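Common to both upcoming complexes is chain A, partnered first by chain B, then by chain C.
And now, the complex of A and B:
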């Protein structure tokens, strides 16, 4: 049978022995798990045993693409990086856009699995079927931008795609990420540190084979049709997002009273106007750029032309940078936030985890838990712009005692410091969250709590709660009240439903923003493009089941590591403190209400209410008998 | 040497008068976002086997992140095409100025590939023949998908050269006009000062 969509190949690279092996992609995996995140999660579950040291040679680093990656399917340039996470000490993955995913697919691989650890720094060079591990000692220590340049020079082609790590990944910083195309990050879960622990500096790819599409004409029509639907059904978002990208959320969340300020104490920032999208676009942005096959182009390319930061450039600057390095640390200097973002890309740090950890340190300092002695002389008063940048640099290079502390990420650093510092580390399962306050977006808050990779805004489509009309909510979730962002009804079902959709998006490897606009996009588009690309007959039910399967595999992985119901809660701060100021003053998320939503969600997910472990019936129903047997053996069945 | 290609369907052509018009795909170099939809549409629908691959595309976008550059490269259908060096008479230019390759005649010598100053001709090792843009019978797919996905940017346009000249001239005019207005303001402030 001729294979369409999938390349049908897994590449295994043993870094300890410096050997390569390709193996065929199992056919049953294609239809049950689709690709990307789905494949990776299953491989991780099967091959990385519980208790494995995330930074040891037994952990595996898996790069996966989906069946539509590298085609004209909208936003299909994505890939997922999976490994056991040093941030959460449990399941970890991260998803990135750019062009690297497509390039890997064009070279003829669905998945790369890295095993073991190299003795000396190396980079992998994939030129279609030619695979080579090259010496990277001369680039070890360079920042990620320079690394890309040097690897391109080494190979002798400026058009190849290079994924890699910066100094943060090399130094095993827990907030580090895997970068590609200069500025695109697979950010969450400290994947950069796992790559660094394997002494793998970069993966350069040139692909010329391409992706075979089963029904090209039909695919072209579907893609065109749904771009038109996107434009029609969510015109405001399409136009603004194309024009501004995510930095526009600073203004939007400020208005909605949801902008995390001074380490999540407040939800409204008095200087938000200074760091909003207006000043950013007026002075700095030069053009808009896009990931592969994107109908939006949300990525602003900017340069700073004068002043002490002259010469700084970055691309794809996000809300998490313009807000993270401003409101979250109480510093209303846009240039500092932009430079902070650019440095994160250069050093290979995650915007969210980095900014949150710095905000944690600021609050601890202002509360008197950390002193100037602990911070190696840095004055972390709210709003000290220079200290923000210095923190980023010291974290990336693990410079001094304070740099070492920041490099742990806020949960582990909080535990180390003690003295009540844990209260201020705003993490779930050790992972920092996206920048929307849980007290004013209840579905979102709940989604952070139950996400399988820790506090995360991308694992479900919680934004529905203020985007949908009550009528739409009734149609899809069965409760009009679910459209109230301060309410508690229907939230469990909303998150269950959209978590499955998001797992599907991550597995065919599409961007969440393409699906944001209209439920038609996420209930129709995935199975239609899958059918056109792979030539198989996909239905909504099949894709939805795959979404459930993936979520449950990840939950099973976490159960095996000992994570259960107790780890599905928000940080204490959100249960205890009311929103103190701003338009949402007084908003709260009581723990009893959270518990109720959790019960409702566990019921649908097929998870035991007491332990939070997956139930046997549900695993069998979804065809995951091997996982059920494994959990039974380990007494982790719900 | 200059013959009218049989495959060119009048009905698909937005300019049906049959006059020589210098057809080409106009490119707004400063607007392209580098999404590669043009490359992937071209290769998928024109490579013959439904393969999505920039290597098989007749249009290519080169990206340089540090400078924020995305530059589409495609055949410009020169009036006096250097690629006409073909020894097998496989290269032709029809009366509208569209430069095309006759696959049956191509011997795969790659002389045209070497002659093109824009790198607009590629070699397909599997077929052993060269390929290049032929404007898709008057309805280029790259232009179509570009305008569906990014309607506001008008990066790729298929139109008469004079229309393209006009839009470039208008943009240049605005730039110059701005600086003239600015210098007037400065002059006025100096005079006042």
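And now, the complex of A and C:
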């Protein structure tokens, strides 16, 4: 059978033995799991046993692309990195944009599975069919930007796309990520630390084979049509997001009374105007960049031209940096937030996990739990800009005992410190959340709780809670009331539905932002694009079932690791404390309401309400008999 | 234009079944005086599950697409919903077709 869309090959790299092999991509995986996140999740389930040390050689590091990766389909340069996470000690993955994913597909691979661990630092060089592990001892220790340049020099092509880690990944920092093309991060779940544990510094790829598309003429029409739909049906967002990218959310969430402030104590920041898009674009942004085939070009490239940070540049700066290193730590200095983001990219740190861990340390210090002795002399008074930057650096390099503490991420650091420090760790399953307060976005808050990879704003399209009209919610979700962000009705249904759509996006390997604004992009576009690219007859029902399947595989993985209902809750702060100030003052998320939503969600997901484990009948219905049998054997069926 | 013309525009814009009470509340607000989204949101918030200004912006866009409101100018805002960093946003008024829709929705 001639394949379209998928390259049809899995590349396996045994780092311990320094050997490679390719194997055909099983055809049943293509139609049941689509690609990227779906492929990776199943491979992880099948090949990484419960109890595996996330930083040991038995963990596997999996890079997966989707059937549209490398085509003209909008935002199709993406890929997913999956492994057992050292941050959550459970299922972990992270997804990134850029062009690296496209290069891998053009070289002829859908998936790379790294096994074992190298004896000495290495990087992988893929030049179509030529695969080589090269010595990376000379670049071990370099930041990710310099790593990219050295790898490009080594392979003799300064345009080569390089995914890699910085000093944080090398030092097994739990908040570290896998970077590509300088500033695109596969950020969540400590994937950088897993790569570091394998002594794999980078993966350079050059692909020249392209991707075979079954119906190119039809695909062109679909892509053009749906870009127009996006622009028309979500006009306001499209226009603003194209202009400003995610940094605009500082302004937006401030207006909505949802901006996490001083480690999530408050939702409104008194100096938000200083760190919003107005000053950022007026003084610093020079141009915009886009990932592969993206109609948004949301990525701002900025430089700081004068003052103590002169010479700093970055691109792809996000809300989680401009907000994370400002409101979250009570510091209204935009340059510090920009430098903080740039350092994260160079050091290979996740903005969110890094900023939240620092905010946790600041709150512990201000509450008297941490002292100057614990912080190696740093004064963590709210707003101390120099201390914010110093925390980032020490975390990345694990410098001193305080750097070692920060490198654990806030959950594990909180456990280590004790004395009530865990209360201030704003994590779910050990992972930091995002940048939207759950007390004022109940669907979003709930989505954080049940996300399979821990606290996470990207695992559902909960954003529609404040975008869609009640009429749209009624038609597409079946609950008008789900449109009330302060309400509780219809939220379980909304998250069940949109989690499945997101799993689908992540498996096709498209950017969430392309799907953000119109329900038609969820219910029409994926199966039309898949049909044109692969030549198979996809339907909405098939794609939706794939989304369900992927979510349940990940939940099954977590069940096998002992995670269940008890792990699907928000941090206590959000149940106990009302929003204290600002436009959403008094907002809350009572635990009994959360429980009701959780029951509603479990029912739809096919999960046992008591344990949170997947039920046999749902697994069988979705064609996951092997997983049902495995869970049954381990007594983890719901 | 008649109700059947309106229905045809709604179908063409793929908004069948998606125009309802939210749009009625907005049309009522702009039927006498020109208003900007922020002013409309301040009045309708908390009613009929409308809880964010972004929902009002989206509903106004939908009304624009079916020619039921028109832009009349712009006014100062604190919401920043026109353009971040900008201090103004458009004002809207109901159109003739909008009155047809409003009457229909009121039924």
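Note that in this section the second predicted complex is superposed on the first by the 638 of 638 C-alpha atoms of A that agree within 3 Å, B and C clash if a C-alpha of one lies under 4 Å from a C-alpha of the other, contacts with A are read in each partner's own complex, and residues count from 1 in each chain.
Rule of thumb we're sticking to: a residue touches a chain if its C-beta (ideal position, glycine included) is under 8 Å from a C-beta of that chain, and two chains touch if they have at least 3 such contacts.
The structure presented is a predicted model; accordingly, all values stated were derived computationally and were not measured.
With the C-alpha superposition on chain A as described, chain C and chain B fit side by side in the combined arrangement. Looking at the shared chain after the overlay, A:159 reaches chain B, while chain C stays out of its contact range.
Legend: residue contacts after superposition of the two complexes on their common chain; A:293 is shown touching chain B, with no touch to chain C. Looking at the shared chain after the overlay, A:468 reaches chain C, while chain B stays out of its contact range.
Look at A:483: by the touch rule set out above, it reaches chain C but stays clear of chain B.
If you count the residues of chain A touched by chain B and by chain C, you find the higher number for B.
Once chain A of one complex is fitted onto chain A of the other, the partner contacts of A:244 are limited to chain C, with no touch recorded for chain B.
This overlay, made by fitting chain A, leaves chain B and chain C with a least C-alpha separation of 15 Å.
Residues 239 of chain A lie at the contact with chain B in one complex and at the contact with chain C in the other.
Considering their complex, residues 232, 234-237, 239-240, 243-244, 248, 251-252, 255-256, 276-278, 281-282, 466-475, 480-481, 483-487, 520 of chain A touch chain C. Every residue of chain A that touches chain B in the complex is listed here, in rising order: 70-72, 74, 77, 99, 102, 106, 145, 158-159, 181-183, 207-217, 219-220, 223-224, 227-228, 231, 239, 242, 286-295, 297, 299, 301, 303, 313, 315.
By the touch criterion given at the top, residues 14, 17-23, 48-55, 57-59, 61-62, 65, 79-81, 83-85 of chain C touch chain A in their complex. Residue ranges on chain B touching chain A, taken from their complex, read 30-31, 33-37, 40-41, 43-45, 47, 49-56, 62-66, 68, 70, 141, 144-145, 148-152.
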